[in-house]
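Just so it is clear, A, B and C label the chains in written order, and each chain counts residues from 1 on its own.
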Amino acid sequence: MSLLKLDNLETYLEQYHILQGVSMSVEEGSITVLFGRNGAGKTTTLRSIMGFNPSTTGTVHFHNQNISKLSTHLISRKGIGYVPENQGIFSGLTVEETLNLAKAKSAGETEAKMEWMLQLFPDLKKFWRKKSGLLSGGQKQMLAIARAYINGDGLLLIDEPSKGLSPIMVEKLMESLLKMKEKTTILLVEQNFLMASQIGDYFYIMDDGKIVHEGLMEDLKEDKETCQKYLGIA
Amino acid sequence: MRGLFHKVPMYWGLAIVLFMLLFPFVNDSRSTLILLTQIFIFAIFAMSFDILLGYTGIVSFGHCMFFGIGAYSTAIIFNQLEANLLTFMIGLVIGIALSVLVSYIIGLLSLRLKSHFYAMLTLAVSQLFLVLAEKWRGVTHGGDGFTFSVPDLFKDRTSFYYITLLSVAVVFILLKLFTESSTGKVLKAISQNEHRAEALGYKTLHYKLIASVTAGVAASFSGALYAVSLRFINTNVFSIEVTLDALLMTMIGGLGTLAGAIAGAGIIEFLRHYLSELAMAYPIFERWTIILGFLYIVVLLGFPSGLAGFIKKLTLKKKRKVKKKEELKKIA
Amino acid sequence: MEVFINLLVNGVSTGLLIFLLAAGLTLIFGLMSVLNFAHGGLFVWGAFSGAWIFTETNSFLLAIAGAILIGMGLGWVMERFLIRPVYGNHVRQLLITLGGMLILSESIKIFWGPNPIRVNMPGWLEGSYQFDGIIIIKYRVFVIVIGLLLYLALWLLLRHTQIGLMIRAGVMDKEMVQALGINVKGLFTFVFLLGAALAALGGALLAPYSGVVFAEMGMQYAILAFIVVIIGGMGSLQGSALASLIVGVAGAFAAYFMPDLSLALNMLLLVIVLLVKPTGLLGEKGSAV
């Protein structure tokens, strides 16, 4: 059963027609990766799901419930955690304050989720009282992911987490996401094919505001032609 | 110039000017002439504000300072020298020079700021001028103000009526030419999207400075005429109500049209005149400013493009209806 | 020495009154990027309704409570009908809040007439303290105490409550706060009402202090509060507190030594801050440029 289902989503930013009929579905318990070059509409797809840039036509179903007309805070309360491209760190809040804020309107077992996140990312515990703005790039990404996981319930939307991270950090991030997959479904926007192809189950490829390809990640690895055409990988 | 004929149907403009020229022959009631003169003076002031808000998207809450500078320069000079036309010219030139200086300095210091900071800063500076006028009693006689005499040409209501009418027409044409010029087009681009204009390589600060100096000069001119029309001045010319007048007139008439500013000045001054007459019978109307305030808010919320935009919409709808009918006929 | 201490007390008490106005302005701006030009209108309504209730009931506490309630009621109407419809459009926001200011100060004249109104001091706050020949007016001490308590309360609210945490996060990143399931609109209404209450309280406290109230004083104090908010840094409560004290004390000294220059002095402070540090003394975000 698909947990999240987008049906023919069309979104405008000012006068620009960014999403031109995006349909996709995210299976429960999977990591689904959304590929595509810059400007293809990946970030806008996530932002439309979250209600920041509501779609003009089309629907978003989460747990078989239409959420496309709800405002952002209500969409979030349905159980969708969100990690934006710029991480959206509250630089003046400490790690503790940030995670407490994530708990404020969260559903489910917040204490257990918090504990598990601190286990998965021990650095967060180490810098518990530190201002988030002073953390390293990798630590900020972990904080953003932990915040989204604690706040969400069942689904995480993560926008390009590997961006700007060192190869070692990317490696760590992959491990953490694989572990998290046991407890939550993940929709991942990624440009780093090498990383995403190792952890993803399903993939979609976007181009010019449309889905141009989809399938099992294993098949994509074999499909040299598609890889070259859309992802620039030989 | 072609745009001028395009945008304001020429025959309308001509008809109005012609009517206004003949008006004193038809109706020589003193109070009507005075009212129309006031309208003309405020039309110039409102147009100057329209250059800022309507054409460039600059929100200034201190526009009264230029009105006041022009008014005080003329009044003080008339108070010191003989009442002749040369004196008026001197006063006018001083007022305009001061306005150029002040608008340039304020613009240079603060036009870089975001809109709300600029609005707040101009408001504060204009209040500074108000305080200055109140404290510098030796010259301004403070809040009590002073009267002064003006040349006979200005004393005569009919001739002054024609002078202000001519002034409106000239200022309208000059400002229209300014907005149709290449500079004016850049200003429009800035009002729509300043970042884009900047990305296209325009030095937006430079252009915004030109707009604010132009507006300052025109406002100063209207202030000078205002002082002459009253033959009296006090610190009220620096009050926030004067800025609000400009806002009301341009918003109600329609932003970025100049003609709208003139219409707005007409509407507001008429309303004010009418309401203050009503106030004699019904004291509740003594606070007619609040009615203007509500009108302003209704316009802002309901008709953001003012009277001009409303008329445009109506004619567009008509045209569409006509088109639809024609299309229907074709199909039939 | 006596002059010095008196001026200091005057300056601090005026500064704290300005702070009550500036605190709302800066929080509203920080959270929603709205510079509310009608904020001074709530202040002057607080002053008049407080003075009026005090003359009617002779109870100062009732006067203050009434002023706060009226201020919040007006604030609610303003937020709902003026600010929300133009949310996100800076130019129209500026224009409409100025219109709100016009209506608030004109309606004062409808209710209480166009002339200034005299206000009496509550009996239990009349008089002064004497220390070694230095006379300090009781009411000013009262204002200082109330101002400091309110600052402390605001600080506690922002630092140690959940809604405070939400507000601080909202000032930093509004979108992300929504993505955490928090209703930013509700948060804004809360902050706006809080700001309105503080402004009205400031007005009610000012009335007996200055002895006379008039409709135009809303704009006068609003301008001081704007200057304070910019000097202190938009969105920063501590910045506003610091700048309020600076402006209050500088104003008190200027009024004594060179009375004609007190407003000019504040403008000078403002220009210096804008040129040297456009984010204000303690501001992090919301730079003026």
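Here, a residue touches a chain if its C-beta (ideal position, glycine included) is under 8 Å from a C-beta of that chain, and two chains touch if they have at least 3 such contacts.
Remember, it's a predicted structure, so these values are computed and weren't measured experimentally.
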Busiest interface, counted in C-beta pairs: B-C
Closest chain to the centre of mass proxy, which here is the mean CA position: C
Chain whose mean Cα position lies farthest from subunit C: A
Centre-of-Cα separation between subunit C and subunit A, whole angstrom: 43
CA centroid of subunit A to CA centroid of subunit B, Å: 54
Length of the line joining the C-alpha centres of subunit B and subunit C, rounded to whole Å: 33
Interfacial residue positions of subunit B with respect to subunit C in the complex: 53, 57, 59, 61, 109-110, 112-117, 119-121, 123-125, 127-128, 131, 135, 240, 244, 247, 251, 284, 287, 289-290, 292-294, 296-297, 300-301, 304
Partner subunit B, residues of subunit C touching it in the complex: 29, 33, 35, 37, 82, 85-86, 90-96, 98-100, 102-103, 106-107, 109-110, 219-220, 223, 226-227, 230, 260, 263-264, 267, 270-271, 274-275, 278, 288-289
In the complex, subunit A residues that touch subunit C: 50, 52, 71-74, 76-77, 82, 84, 88-93, 97-98, 100-102, 104-106, 147, 151
Subunit A-touching residues of subunit C, taken from the complex the two chains share: 162, 165-166, 168-169, 172-173, 175-184, 284
